[in-house]
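Each chain gets a letter, A, B, C and D, in the order it is written, and its residues are counted from 1.
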Amino acid sequence: MPRPAVVLLALLLVVVPALLWLAGNPYAARLAQLVLLTVILAVALNLLTGTAGMLALDTVVYFGFGAYAAALLSLNYGTSFLVELVLAGAAAALAGWCVGVALVRLASIFFAVATMGLAISFHATVLNWGELTRGPMGVRGIPGFRIGEWNLEGWAGTYYVTALVCLACVWVAHRLTHSFYGNAVRAAREDEEVARALGLAPRRLKAQVYAVHAAMMAVAGVLYAHSNRFIGPDNFVLLESALVLTAVVVGGLGSVAGAALGAAILVLVPEALRGVGHLRGLAFGAILFASILLLPRGLLSEVRTLAWMRRALAAGGWGRAGRRR
Amino acid sequence: MDAFILNQLAIGASVGMTYAVVAIGFTLIYRVLTAVNFAHGEVYTLGAFATLIGAATFKLPLWAVVPLVVATGALAGWGIERAAFRPFRRYADEASLKSRAVREATLLSSLALGIVAREALDIAFKGEWLAIPQDYLLNQPVRLGPVGVSSGELVIGGASLALLAALQWMLMRTRTGVAIRAVAANLVGAQLSGIDINRVVVAVFAVGSVLGALAGMVVSLAYGSVQSYMGLTVVIKAFVAMVIGGLTSLPGAVAAGVLIGVAESVAGIFVPSAWTEMVAYVLLIFTLLFMPRGLFRWGGA
Amino acid sequence: MPIREEIVVKRIILVCALSLAAAGVAAQPKEIRIGCYAPLTGPVAKYGKAMDEGFRMAIEDFTATGRLKGVAVSIQCEDDQNRADDGINIARKFIEDRSILAVLGSWASTVTLAAGPIYNQAKLVNLTPISSHPDVTKIGPYMFRQSIIQSAEGAANAAFMTELGAKRVAMLGIPNDYGKANVGLTRRALEAKGVTIVFEEFIRPDAQDFRQVLQKALREKPDMLYLGLFAPQASLVLKQYRQLGAQVPVYGAAALGSNDLLRLAGDAAEGMKALLVLHPAVGQKMADFYRRYEAKYKAAPETFAANAYISARMLLDMIAEQYPNLTRESIREGLEKPRTIDTIAGPLAYDPKTREWSFRFTRSEVAKGEFRPLQ
Amino acid sequence: MNLLTVEGLSVRLGGRRVLDGVSLRVPAGGLVTILGRNGVGKTTMLRTMSGLYRPDGGTIVLGGTAIGGWPAHRVVAAGIGHAPEGRQLFGDMSVLENLRAGALALPEAAFAERVAEMEKLFPILSERRAQSAGSLSGGEQQMLSIARALMPRPRLLLLDEPSLGLAPKVVARIFALIGSVRERGVAVLLVEQNARLGLQVADYAYVLDQGRVAIEGAARELARDERVVSAYLGEA
């Protein structure tokens, strides 16, 4: 095991919960959980936008799909969240694959516009399809996390469920990006023609990444529905997509660690500014603007992170990824 | 066709004209820099607020509001270019001027600037819906055979066609127009021909934003209310109109804007109007997938 | 190190002294804090701000009565941006802050419905002065409401509309929890009275042009048009309705019984019928409130400011009665005691079954640019 | 008397030093060529003189005025015309409009006069006047590019790879035209990968290697220089 992974595990599974327990503050626990949820979204979007280079604004589609699937399944059929994670993840991956195959041939800005159309259409659908989604009222009374008789509704249970899923997603994203596969995807990002000449299938790679990202977002949606206990169309407006994209940009496109850092900033800074009231929106815009202008590569850039990871892996002599060098 | 259908089409066309008039400025900027100016919606909003301030605060006559709106638009365009676009033109070769990184960075920087502007307006005007004074409004009913429209709609339609014609004339017949088209066609070639591209780009932003602000003015005069979030929906529709119209074609964007309005209206006959919001995006995705160069390949400008 | 030890000892003494002081405060609280969540930014910020200002006026007026001398009373308003999520975050924050005795808010039912269960579970009273969705107080015993109740409004609307001769009604609503409930409950009451609903549609709140849907409504030949909208959309609808030259009478939901509508719609509102609740035309005390508010904030108040004022005044008066034995539970008990309170909107009667106070409705018509009460 | 004097020019692009202390001279009315392999900095050299890149060391003096670091449009006004690599024409604009864009500062009468002069020099362009630049053949595009650069009456013309991608016959015509440009008193700085051609027409030549001047001398002498023959003239 490399040292960074041990540190991360210890931090998320021991240190943070201990601090939250000491603070005895469910509000802080809720924020910590929200950060982890946003980390899943940012890491997933980073796979798509950072590593595969597809600027997407449809985060809310798959996130919302997972959330609504979880809410409606658990209320109507009493399913467990574990079942929903698998079902929603698989369904989103399938849907993502189909959408991905259709959309990946669109170049940069057109892809962004098409995904924006998807996001707005999704919102209109959940808002107007009242028979299924309960329309603008949203879905209330969603049960918390439970496994059989084991009640995980409290802050600690909610935190641990989210942390474990988050770690799993980060691990998957990390393995995908720091591998031959990741390099292939990056090649497809830089130049489809060259990638094709290298014997890769760039569009298939991109569609695959799109499907994986959709699955991760749906998983986050399931967690969101069960921890928030309420979802409504307003949770899935275009601006939420822009928020996650901002997190990825602030953190540094292409870097898994950067995406996670960006997610933490984008959740915690506006929350800290809550007292300032009406300046929050202004602050959000200003953070985005300043980070693009002053930190065009984000806080932790892809190149820097990759270089750091290589050193860490070489030092740790970790598994296949390390040996392949 | 019965009067109901005709009226529905007329309403759709007039709503489409409001998308079209915003799309003109938006498309002009895209055409020159291949960059999307997401702050354009806020320019539209600023135009509407300038109209409100001119009419309600200073009680200027309508003809005097126009220069105020024009000045507001020009200033906003200059500011957006300086703050959100120029910082990314660090090198002057083609590889960096129109690279994907620059396009995406300016898309986000203009989006961020738009958010800042919108929130600032929201704070300044307390998020209120504000009414344009009654006697400035262009909403007298006008009957054209079986179809009833308002004077404002005729003004919006007339204005968007006039602005389109004026812009086309400017692009084709004036030296500034030649310079703008040269910059749009080839940034490096334009510089080596002695054209100061920074000046041309500022001019483009100023002209495009003046058009956006004028759009905000006529729409606010036709509908009568103004609010800080009003540009949000419209800029997205203008974007869609630009893509459907073929990205760089001004007449294409206008036609696509009208088409979107009519399609929304026609769809509204068959489904509840809340669903018609999706019409533009269905059109958009259809266009992108099956006619990636836009519905109208009208060449020329 | 002796110096260090000395500091430690000093610190211990200090901590003891502080905790003693704290215990003293608990016995005789010098500070009373009430939480509030409202949309202070975003598209409906104006309403949230009206709430905030109503609360502040209530505090001022309460302080002026001198009932709790030397006690600082404050209402801490947090911005929920009209979003359920933010409402939930604020709720978690408030339930942790033991100095918060009760919470007021929010504006949108969506937000209150999302945050309410958290307050209820934590046994912290949430009194909403605005959110009118029927489900709000069904959340549990810690949820109270002091606003127009949609079912009551629906019945009153139906009674008024049938007296005006409505037989075929076309209804337009805003597609949010307010509009759906308002249109739905009014529709049910109308149908119970034998009225036919010939058309019902929910408009796009971000649209600017509603003539397309108005034409669709008029095609069904209604004899009355019902608007379950807020003032910004309703004013556009009214203007465009006049432009179409339609003659069918218009009836507005009680939310439209505000001067804000008249300001935005101008002449187009002429002849509209609506129920008034928190409008200066309903009584002298309310007219006084409006006058004082205008003098203070240099702008006409939203009806929501009056809502907020009434709720905060009632809460503060009750706290003064209970002082100094104040707990979160005592607030609930105080509100629970069946009682009729006297407010600027006249006497309000409490219904212990629904934990709501019922408001009086005054029938009115817009004539010459203002709401005129009808007998 | 030297028209252009470049002293110790250094340029850095994206962190890489592309030019490292290059010095060269172009006499008034002279024809000087820069030779070198792909990627040694020839194009960067011309682009820096034209103001597309900022030098980070050295001076560029044109007829007594230091123009180093000026933006491109001021350099053009100072008297340098540049027919760039890849021609960089305005594809969807007509030939006449391309010429117009090259001389926006000229008043109408002077413009017409210049167009007449250019059409005399490149008769094919008068036939193609209203055609869009993108529809011209490669040779015609190259002529248009040169004509556009000559529109504002420059004292010095920078020519970047005019032979690139053209058939030998066309190349011969273009090089003949370079001679007539020179006869009109315009100095020419020619960048050419085809060293043989460059040395044929030039008076003086510089060979660039890895951002530095490796060899310089009269063109006739360089054509016999062993190093140049083996490295650049060889079998080609």
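Assume a contact is a pair of C-beta atoms (placed from the backbone, for glycine too) under 8 Å apart; a residue touches a chain by one contact, two chains touch by 3 or more.
Quick caveat: nothing in here was measured; it's all calculated off a predicted structure.
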Common touching chains of chain C and chain A: B
Reaching chain C from chain B through chains that touch each other, fewest steps: 1
Relative to chain C, chain with the most remote C-alpha centre: D
Most centrally placed chain - per-chain CA mean versus overall CA mean: B
Interchain centroid distance [CA atoms averaged], chain B/chain D, Å: 41
Averaged-CA centre spacing for the pair chain B and chain A, given as whole angstrom: 34
Mean-CA-position distance for chain D and chain A (Å): 52
Interchain centroid distance [CA atoms averaged], chain C/chain D, Å: 75
Where chain D touches two or more other chains, by residue: none
Sites on chain B at which at least two other chains make contact: 119, 122, 272, 274, 277
Of all residues in chain C, the ones touching two or more other chains: 41-42, 45, 175, 202
Touching pairs among all chains present in the structure: A-B, A-C, B-C, B-D
Footprint of chain A on chain B - complex, ascending: 36, 83-84, 87, 100-101, 103-105, 107-109, 111-116, 118-120, 122-123, 236, 239-240, 243, 272, 274-275, 277-278, 280-282, 284-285, 288-289, 292
Touching residues on chain A, where the partner in the complex is chain B: 53, 55, 102-103, 106, 108-110, 112-114, 116-118, 120-121, 124-125, 127-128, 242, 245-246, 249, 278-279, 281-282, 284-286, 288-289, 292-293, 296
Footprint of chain C on chain A - complex, ascending: 25-27, 30-31, 34, 127-128, 130, 135-138, 140-141, 228-232, 234-235, 271, 274-275, 277-278, 280-281
Chain D partner contacts - residues on chain B that touch it in the complex: 91-94, 175, 178-179, 181-182, 185-186, 188-198
Complex contacts: residues of chain C adjacent to chain A: 40-42, 45, 77-79, 81-86, 88-90, 92-93, 95-96, 109-110, 113-114, 117, 133, 135, 175-177, 179-180, 202
